[in-house]
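Chain lettering (A, B, C, D, E and F) follows the sequence in which the chains are written, and residue indices restart at 1 in each chain.
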Amino acid sequence: MTDSIFKIAVAKFGCIGAAPLLDLILDERADRKDLEVRGFTSGAKLDPDSCSVIVDQIIAYAPDLVVIVSPNAALPGATGARETLAEAKLPTITVSDGPSKKAFKGKDEEGKSINIVLDGQGFIILPSDPMIGARREFLDPTEMSIFNGDVIKVLAATGVIRYIQVAFDKVVSEIKQGKSPEMPMLVANAEDVVSQAGFTSPYAQAKAIAALSIAETVAKLTTKGCFMVKDAEKYIPLVAAGHEVLRAAVMLADELREMEKSGDTVRRTPHKPSGETLQKNKLAEKPA
Amino acid sequence: MTDSIFKIAVAKFGCIGAAPLLDLILDERADRKDLEVRGFTSGAKLDPDSCSVIVDQIIAYAPDLVVIVSPNAALPGATGARETLAEAKLPTITVSDGPSKKAFKGKDEEGKSINIVLDGQGFIILPSDPMIGARREFLDPTEMSIFNGDVIKVLAATGVIRYIQVAFDKVVSEIKQGKSPEMPMLVANAEDVVSQAGFTSPYAQAKAIAALSIAETVAKLTTKGCFMVKDAEKYIPLVAAGHEVLRAAVMLADELREMEKSGDTVRRTPHKPSGETLQKNKLAEKPA
Amino acid sequence: MTDSIFKIAVAKFGCIGAAPLLDLILDERADRKDLEVRGFTSGAKLDPDSCSVIVDQIIAYAPDLVVIVSPNAALPGATGARETLAEAKLPTITVSDGPSKKAFKGKDEEGKSINIVLDGQGFIILPSDPMIGARREFLDPTEMSIFNGDVIKVLAATGVIRYIQVAFDKVVSEIKQGKSPEMPMLVANAEDVVSQAGFTSPYAQAKAIAALSIAETVAKLTTKGCFMVKDAEKYIPLVAAGHEVLRAAVMLADELREMEKSGDTVRRTPHKPSGETLQKNKLAEKPA
Amino acid sequence: MTDSIFKIAVAKFGCIGAAPLLDLILDERADRKDLEVRGFTSGAKLDPDSCSVIVDQIIAYAPDLVVIVSPNAALPGATGARETLAEAKLPTITVSDGPSKKAFKGKDEEGKSINIVLDGQGFIILPSDPMIGARREFLDPTEMSIFNGDVIKVLAATGVIRYIQVAFDKVVSEIKQGKSPEMPMLVANAEDVVSQAGFTSPYAQAKAIAALSIAETVAKLTTKGCFMVKDAEKYIPLVAAGHEVLRAAVMLADELREMEKSGDTVRRTPHKPSGETLQKNKLAEKPA
Amino acid sequence: MTDSIFKIAVAKFGCIGAAPLLDLILDERADRKDLEVRGFTSGAKLDPDSCSVIVDQIIAYAPDLVVIVSPNAALPGATGARETLAEAKLPTITVSDGPSKKAFKGKDEEGKSINIVLDGQGFIILPSDPMIGARREFLDPTEMSIFNGDVIKVLAATGVIRYIQVAFDKVVSEIKQGKSPEMPMLVANAEDVVSQAGFTSPYAQAKAIAALSIAETVAKLTTKGCFMVKDAEKYIPLVAAGHEVLRAAVMLADELREMEKSGDTVRRTPHKPSGETLQKNKLAEKPA
Amino acid sequence: MTDSIFKIAVAKFGCIGAAPLLDLILDERADRKDLEVRGFTSGAKLDPDSCSVIVDQIIAYAPDLVVIVSPNAALPGATGARETLAEAKLPTITVSDGPSKKAFKGKDEEGKSINIVLDGQGFIILPSDPMIGARREFLDPTEMSIFNGDVIKVLAATGVIRYIQVAFDKVVSEIKQGKSPEMPMLVANAEDVVSQAGFTSPYAQAKAIAALSIAETVAKLTTKGCFMVKDAEKYIPLVAAGHEVLRAAVMLADELREMEKSGDTVRRTPHKPSGETLQKNKLAEKPA
């Protein structure tokens, strides 16, 4: 690959917190000359039919890199999509939440953890991207939006968005250089995320680990409330509690960002128009 | 139209705060039987070429309703898209921010305000959906995500998401019934939004108007910082201030939601699987 | 038993959040005529020798009821204490944290959950009473105190203290009436705790479940930081994060109490001098 | 005294905020090899009989140092305890609240302030450890626990716990070295406490003085509400106000701790297993 | 007196928190037809000469009622002013802070508390209107303004402003009706203030008592810091702590106002153009 | 002018947020030897008659400098006052809010912005000093006081008070030196204010710009609610929203002050007794 435009296709099947802005984080100011991003979504649906239509469109688009984002990527829709894309030999990264571990992580004969991926594919698992409280008594478009706004803030302030950016930047750069890219096979646990986030304050860092751990707690309540409890009197408090847990994570996320502001140490990693990633910490300084 | 699935195409050109979740707010729990949503995005780009590719895909999809969402819908890309879609006779609603007023609002010979729309089209203008602080020294993927998470929370908690939901629900319902729909031509000013939001507490309502008014203030700072000031020493504080203004709006948004929680009067308007909209205020009650 | 004074011995081996005030919650204003409480503690230590000395003192005191409180009651010290007290035929309740489940909960041949208790004994397991971040680089007397103050606030505001009070009140009442008491065998999971707490606001209730779920998250970080990670550079952020998680739970605990204050619905269950428990919700009203 | 274990007996008569954790602050991680702490409590009661039983147990234990903690140590129970312990020649420190000044502080013939202590005894008076709002309409086990959790947080974050630790560490060290110890005769006024607390931020220090001064204000309201006003309609608001005053002190305590976190200047003074006190300020550094 | 305009002269000698807006609280929307207010101030100065010039101007103005507001009204300037105004037979109310008690409150021969006033005069003593931290290292125009803004918020939200309004409204009404007015002789202690404030929420009321009690605490620190401690290293933390104490009172003041907003029970007592006072609690209702 | 006392007359016609303390900001600790300030107010009224009485008193006082402060200085009362004072050849500075721009800012023939001032006069326009929500259903003396307390806090914490101080200090100094003073002709827009405020933290600075921009937003709502909407059901939410907007500005103002405290970088600019202005940043240091 040389000077041509790099083409990324983002397939969104349903929604997790990382999904809504995923097609934007590589070109956050819409000034990259080297990149074209095209997003394809099936709305809230993630059944195989919805997914395969989108995969066909993506193959027609002929991108240099495909990103799939969906809840539980072990479900048939996403699984089928990965298979079709592997056959099409399109390099593909799946971004998904905790339940997707069963799609990508297994054990070898000796019981050692191994990655399960198709040729040319990778994954980024986000255990802190929590399941929503999807009960009709609780979740309407407004509550759904608040939840996703909150998840986005937690993912961004704690470093998960940067973690994804770093992984994407690396693959894009390798493909652009004509290399056979080393696809990411990552479980974004709190400590790894935070160690890459560039915090200066050790307490901001601790709060980030805390916020992500709290976000991981959400799913216990929402999963129980959505799938395991049948009585509305019981599941309504559970799903409502799940969203309150997330709101507590947002409070920490806000605190840690303010703490870094307080010391003028907010790490920023914007892209150049040519696609390189810059870095800076002091607000007044030029990124370099 | 009868029992068939209703098809909506959402075209996202670039990003405003209402965009990331717009393909989800009609089917917030992914359980609607009557609806199919397909999203098509050009990433951060909104030039005419990016837009027209997407419009072609949409026309191929043959939806019952098209929604375009983009910043400043008066720009050539969105304008061209609307024209092509009008020629294709696809009912189209544009959702855009304050600067798009010049596309849709004009004056007649007597100076009276009139709407400017193509046949079969409508618009929802969101003056409180603010421009981001798009300067490289300030905006990286993380800051971009925080900003959008914040905007989403403000739009949802104050009632803007419900305002859009109501408008969409009405058009979808009319088309489903085989009627010629009355397309929305709406400027979502704070008072109208809030009067539809279903607040019980008058102080929550006042805080919602306040939050939206503050959100409208953001763009003054970011627009100045992005387009009118050339010296980094001067524009960095401006764009940073813009995002601080938004964060103040989030504080009010959170307060007003907590105030309604405190009185157990949070309005919820979920969809039924058949597509009808339900309503409830007390957490324990069934939506009806 | 008749009109004589009821004697309770509280044995504290080491510290969990429920321990510091456990000898006070049955006589919160020191005006009960029917009750005598004696506390015996081994400071921070919980080895078998420290525990057995205390058990001897308790047997000498000849109480009507013994309460043991300690972290991980499956450890040898607490286990030995329970055995000696069972031999002495003193009714004994153990209050402990999550890891103590392995002492009290087992499975029968068919895999069904069963309780494991000695004759005349009971237990209250508090999964939300979290392990402290016991690393020398982090935990000094000041940090230890802050942590326990925070845990106490979470346990009290969410209803755990009331849950313990109810269980104790019941046993004391039964023994005072000369009955053979039904000893408590309770795992204080969030939903049970909250359903007994007497919340009027459903959102306060949801926040209480949330706060307890977050408190349960603490131990994952502190256990890992104390026992599984050896490198100070790595365990310091983990134990610090554990305490930040707890602080987020405190924020919710404070919020929910304020929410009940806001509606003048704070449940209060004071004791009468004769030992009966009263109840009230409105601040101005007499307990009855 | 040489290599043998140093034995401390802590006698708790009733409860003040400093009491619940007092047996833990010298061995905060339960890893001291040189120290044995034994606590003896009379629950909420502090009458002479309850106290003398405990004193007998303590004398039987033969500790190297006795610590008494109680509200108003000028009452007969605590006074008798001090006398018996003096006769038994056990070095004794009393930790008590503001009203205990009348037990320990007097004037000589010329009107100069003098200390009133028995041979070999000392005292630490904590004016900021406030009386609880002990009215049945208000104080139940839950409210009692919240109050004490709040007091503990204020005492710890402002430096009172460290102030006590320093005094105890000094006496223990002197006795361990075989010296005749200089017993503490201290009134822990806000400025002295704060000057020993090791704050780096002058505003954190100011907030600590403020929090302690506010905590001192509590007792005016609760004393009036408990002892001087007889009409429930009047005393309920007073005791409720007392606890609100304390909550305001907690807000400052939390703020000042966060402020020191923000600058990575939280002073920590953990004990070594050998009993020496270490010191550190930066989270990442080793205590030394 | 009949239909003529009622004339009030407000003399401000120096500043207390109640002073800056005192000439506005009887005509808060500038629409009263029956009232003329004229203010005369000596800036920050309150020496006898400054005061007497102002008194001369007031006498020339021939008002129906004089209000003096100053710190410590027992000082010579204010005392002289009261004497001159008494000679001039102008009804005069002094509004001052805690130290002014020595001017207005004495004891009779039997030790009973009596009021000390000149003929036709009254007073309102505000113990919760605190002395500022007037040290050059700390107090500049900005800090002075923040302090006074904070005091105003505390006085208003807790009911002190309403307490003054009620007293003034009563005197004005009596004089307007040609009666010999009963001049107020009031010490605005927290409980009296709050019982007149019209709170619906008992917890808002408790918070108001708390906020006022905390505000009373400020002066202990600032008085000590300004007059009793000479070493800058020592008095700077004291005056800074005084302002932090006030800020904590503001937090409670804000909380209690929000609590009343939450229940839609904010009491409002606006004036009619004719001077009568109206009352209302629900935001949407007409005052009556 | 030499060693004599410098005399300033402050005329307050009605009230804006900058008014209540304007006579105090040049002598914040009442210890200046070189200065005499005399304030003259017409209460809430600002009609021509009220104003001209005050102007006569001021001319009689023969000050070295006159300061007029009023809302909308383009109204007849203030305009007449300026004319009379110009005739009297008294140097006069008007401090007013945004609407006063039409009094002082015009355009020359070429459309360039020019200042419109009488000889020897100047102005300071404060666009962030917002109009109050002056509706009887909403504004009573208590709400009026809270609003002004809030405005004062915003003006002070963001630097507007310092901005005014600097302008006044300069004019006073020039007149004292016998110079013909350069009268200020200033529009205190957010960026200018903040650049003079002496912030060290760039995020505190951004928050200050944000707070002032939000404060400017208030007037849109209150002006509409007071003058343009006639229906109480509609104007009550608007004026209530206006005050909520201001409260959001206060939150930012408080945050930015705390942020500067956190870094020990709070700029202070106290006056010396001789009238010179000192400066300092660290709390412990002497102003110089």
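FYI, a residue touches a chain if its C-beta (ideal position, glycine included) is under 8 Å from a C-beta of that chain, and two chains touch if they have at least 3 such contacts.
Note that the coordinates shown come from a computational prediction; the quantities given were computed from them, not determined experimentally.
At the interface between chain B and chain C, two copies of one sequence, fewer than half of the residue numbers in use appear on both sides, so the contact is built from largely different positions.
A rotation of 180° superposes the C-alpha trace of chain B on that of chain F, rounded to the nearest 5.
With respect to chain F, maximal separation of chain centres occurs for C (centres as means of Cα atoms).
Averaged C-alpha coordinates give centres for chain B and chain D that are 58 Å from one another. The geometric centre of chain D is 39 Å away from that of chain E, both derived from CA atoms.
Centroids built from CA atoms put chain B at 23 Å from chain A. Counting partner chains per residue, chain D shows two or more touched chains at residues 202-203, 206, 236, 240, 262-263, 283-284.
In terms of which chains touch, the assembly is arranged in some other way, matching none of the line, ring, star or all-to-all patterns.
Contact between chains, using the touch rule, shows up for A-B, A-C, A-D, A-F, B-C, B-E, B-F, C-D, C-E, D-E, D-F, E-F. For chain F in complex with chain B, the touching residues are 190-191, 194, 202-203, 205-211, 213-214, 216-217, 220-221, 234, 236-238, 240-245, 248-249, 251-252. The part of chain B that touches chain C in the complex is made up of residues 258, 261-264, 266, 282-284. Put simply, chain E touches chain F in their complex at residues 8, 10, 12, 14-15, 20-21, 23-32, 35-46, 50, 53, 57, 134-146, 148-153, 155-157, 159, 161-162, 165, 232-233, 236, 240, 257, 267-272, 278, 280, 283-287. Residues 201-203, 206, 255, 259, 262-263 of chain B touch chain E in their complex.
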